[in-house]
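We just call them A, B, C and D in the order they show up, numbering each chain from 1.
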Amino acid sequence: MSYPPSIPRKFWGVDFNSPVMLASGTAGFGEELLDLQCLSGVGAVVSKAVTFKSREGNPPPRLLETPYGLLNSIGLANPGVHHVLEHILPVAADLPCPLLINVAGESVEEFASVVSVLEESRVHLGYEINVSCPNVADGGAAFGVDPEVVLRVAQGVSRVTSRPFSVKLTPNGGDMVQSARAAVEGGASAVTVCNTFLGMQIDWETGRSILKRKVAGYTSPALLPLVVARVWQVSNAVSVPVISSGGVSKGEDVLQLLAAGARMVQVGTRLMRRPFAAGELMAEMKKLTGE
Amino acid sequence: MSYPPSIPRKFWGVDFNSPVMLASGTAGFGEELLDLQCLSGVGAVVSKAVTFKSREGNPPPRLLETPYGLLNSIGLANPGVHHVLEHILPVAADLPCPLLINVAGESVEEFASVVSVLEESRVHLGYEINVSCPNVADGGAAFGVDPEVVLRVAQGVSRVTSRPFSVKLTPNGGDMVQSARAAVEGGASAVTVCNTFLGMQIDWETGRSILKRKVAGYTSPALLPLVVARVWQVSNAVSVPVISSGGVSKGEDVLQLLAAGARMVQVGTRLMRRPFAAGELMAEMKKLTGE
Amino acid sequence: MSVIRDYDCLVKHSEQVLPGVIRIVFECMEMVSNALPGQFVQIEPSTGTFPVTRRPITINRLTDDGFELLFDVVGRGTELMGEMRTGETVRILGPLGRGWMVHPDSTWLLVGGGLGAAGFQFLIDTVGSAKVLIGASSSRRVIPLESLSCTVATEDGSTGETGLVTALISRDLLEEADSIAVCGPVAMMEAVWNTIPSMYRDKVQVSTESRMGCGWGVCDGCSIPVSSGGYKKCCKDGPVFPGSDIDWKRWKEAGL
Amino acid sequence: MSVIRDYDCLVKHSEQVLPGVIRIVFECMEMVSNALPGQFVQIEPSTGTFPVTRRPITINRLTDDGFELLFDVVGRGTELMGEMRTGETVRILGPLGRGWMVHPDSTWLLVGGGLGAAGFQFLIDTVGSAKVLIGASSSRRVIPLESLSCTVATEDGSTGETGLVTALISRDLLEEADSIAVCGPVAMMEAVWNTIPSMYRDKVQVSTESRMGCGWGVCDGCSIPVSSGGYKKCCKDGPVFPGSDIDWKRWKEAGL
């Protein structure tokens, strides 16, 4: 890479117009983005997680703001793959940018099952395979912490689709570099680095956590250095492009992640405050790079 | 535990006067603390890491402040165990509180060798075994990510000392709960949760990291939820007390970590800004709990 | 459906109307032509990095060239909002959510608890005439309302009747109303719901609250347990729901 | 050894002396009786949470009841420090480090580059008489110094001689001096060091800089590469070192 970097606009051979992707779980399936007309600067949308059956998600409250970030405990709430295929993807067809569908599961097989069903649609470009969720069938640790399991999940997905897919890794245990290599071996066309870091807040007076599941996903602009380090480590170890996820709130942050080796950069929590974040980030980047 | 918690003052059966410990690497060996007279509120001091041979540490710059935290790349700089024994511990004997010596190594055997040498001194109460450093003899990953290696390190240390020791775990890979269990099986009297999270900052204009080793240890008050979650997970899984390390900047943070299951709470980066942090934290806690 | 936009709104006026309760008037013509009673806005409390989300506040009323909010200072976000001064510009997303289902010519009964009555003014101004019942802990928590008919109950008796708002609800009032709007803390709303005999419950709409991420339906963070099982989104399906939609038991368990 | 304490210091005066260069005068009697020339203090730039470390600044001079700092606004910390106003109280740790080794009755030659000359005033005030050579990019970077003998060179010729400070160093000056104090950017200090013939190098002391964590010797973050191999601590073993102690090659590699 040459420095200062130019703003990349192509990915997987497709024109993305922008390196900024909206992160899974923070942009729905894109329908609301159409209503709000906040798609300027969006390179691609990643849908919220889709599982085979519908999931009502975790009991409320599901969000808790901490002094420097946000804890979320959504619990993969979604209407299930068949509902998504029939009722949501047709609406998402109006998106002016590519859509990736984030796929989750509780067993190695579920990922491929979900993808098989979605293969009927022509709306989406590809998938993001979310191996950060707990492997219910196999003890409850996240799939992503075991490279052997990541390999099997990726192989399963490769078998049922020829679309590109990224495997979204977890930073909570295991060896991310090994898991990334396993994803590539299994046929992944990219890896996403990374899902949320486990976090928790307890009320010291009562000893209780406000979020019922206690441990939740923590996001914060202060986590940027953690994501930069992991993007750098993984992008130096694998041949497929790395999509970064986490810590972005300024145009400078996107440029830093690109410099660290990311090819696309997701933004999530920032959208909670700035629905038009993608356009704002692009404007800031153009100003900084003089493009 | 009953809530709101009372401020604990005993640990390992010893009177610590305060649950606040000064974290390894942020308080030297305690000599400077005597000069500065900033020991009020300090339950115990953990020394900087000691290795068998002297280590000059990483090339400068070793510190880089980021918008929300600090990256450090000290590289275990220390004069070696024999120098520590002969020249530093005699001075540290004047400390009015217990001293734990943080021990690092590049091979499983080095930890026990360092401890053996230190056994000659009566100055320190016990050890903190730092398995977060890279296992040079065995591929370079941190010792702490492999429970089997943690077990062997702890067993080695148990063999050469009857003093209490804590094993300081790493959050950068592996399964912290498994490593904690291994430490206890190997004879650890506590576990410290946890060492610094890997982080990095890159200058996007040049693509370069200011710190020569590129990836460094990241600390920030914004990481508190990450530490709370890990303390909660580990303290629910092991029988020995958990010492927390990371994210503390306010008295409330200490109380939250105690509520999460910590029995002692380390403070590190906060000392960079507030040498008298321990006393300040104690005062804030007393105000909050009405003690 | 109203058009949601992210506006830079000028603060025209800010004042403390009750201890710890702030009223801010913003300039924003587009909101005047778009907003419906019961809708809310998402306010950016600070131009700094933290907090990382906005704060949802119900539109209390429209003004000639903008709108007015009334809120309680309860934490960091509302504290920062209380410091907003005339002349400042604030980022505000709105109007958001589904407000009160307003049937033309219907007779309204409004039951509010404390700051829950914030937003009633817009409804009163829209429906023309309404009977309003307000409950509060004390006179220091009774927000000002311009209404032809307003009865107040305070727990400490410092103004109006002494007691809870539920005591003000009579069969006559329930009978007479075509629509009943309830807004306040969860426990108060449940008490009102339980006070209302089932034959009148179809008339009841309640305005819910939840911790919010986005405020416009993308994050699934604001779930309200509904009686058909599962959840609906406070920000998009609500905040106003038919009272019968709510699963009161599970909602109370949320401990919001 | 001087007694280090953490003081709440009152800002008595703050002004911009050159574009982007601020002078702040603090009240602190204890510093007057304790500080030595070349020592520094650690300033807490904000009462908020960030930045997480303090900022090291050399004591430019003592006043009757306190001390004065002179600093460049180069980043977030110094920006916040530039906003400190008369009447505010600031947390300051000091005096820190080892200053100039001042031999009584010695004749001094002071060679400063830009803001590196901050701190020379205290030395001049202490040693009585000294010859001062200052190099800067332009007149806008020449800090005010009260000295009987001060020669300036600017790169753009806007004041004094045109050229680098090394051109002002003559054999006569080196011969005449018992002690030579050098302070400025690393590249400037190395150029000065290389300009000085080895026979005079024993007289040279240099004041170093490094990114600091603690400032009082506990974190090992501020290492300066020394010619005997390994590192010394800028904050405790320095910031002033004999010139011959420095490993210039490794220090430049640090790219500080």
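Operating definition for what follows: a contact is a pair of C-beta atoms (placed from the backbone, for glycine too) under 8 Å apart; a residue touches a chain by one contact, two chains touch by 3 or more.
Every value quoted in this text rests on a predicted model; they were computed, and no experiment measured them.
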Please identify the chain with the largest separation between its CA centroid and the CA centroid of chain A. D
Could you give the separation in Å between the centres of chain B and chain D, each centre being the mean of its C-alpha atoms? 34
Centroid of chain B to centroid of chain C, CA atoms only: how many Å? 49
Could you state the distance in Å from the CA-based centre of chain A to that of chain B? 33
Send over the residues of chain B in touch with two or more other chains. 67-69, 220-221
Any chance you could list the residues of chain D touching two or more other chains? 49
Which of line, ring, star, complete or other matches the graph of chains that touch? line
By the touch definition up top, name every chain pair that qualifies. A-B, A-C, B-D
Which bits of chain A are touching chain C when the two form their complex? 25-28, 32-33, 35-36, 38, 48, 56-57, 59-65, 67-70, 72, 74, 77, 210, 219-221, 249, 269-276
In the complex of these two chains, what residues of chain C are touching chain A? 1, 4, 6, 44, 49-54, 76, 93, 210-214, 216-225, 229-231, 236, 250-251, 253-256
Can you tell me which positions in chain B touch chain A when the two form their complex? 1, 3-5, 66-69, 71, 141, 145, 173-176, 197-207, 214-215, 218, 220-226, 228-230, 232-233, 252, 255-256, 258-260, 288
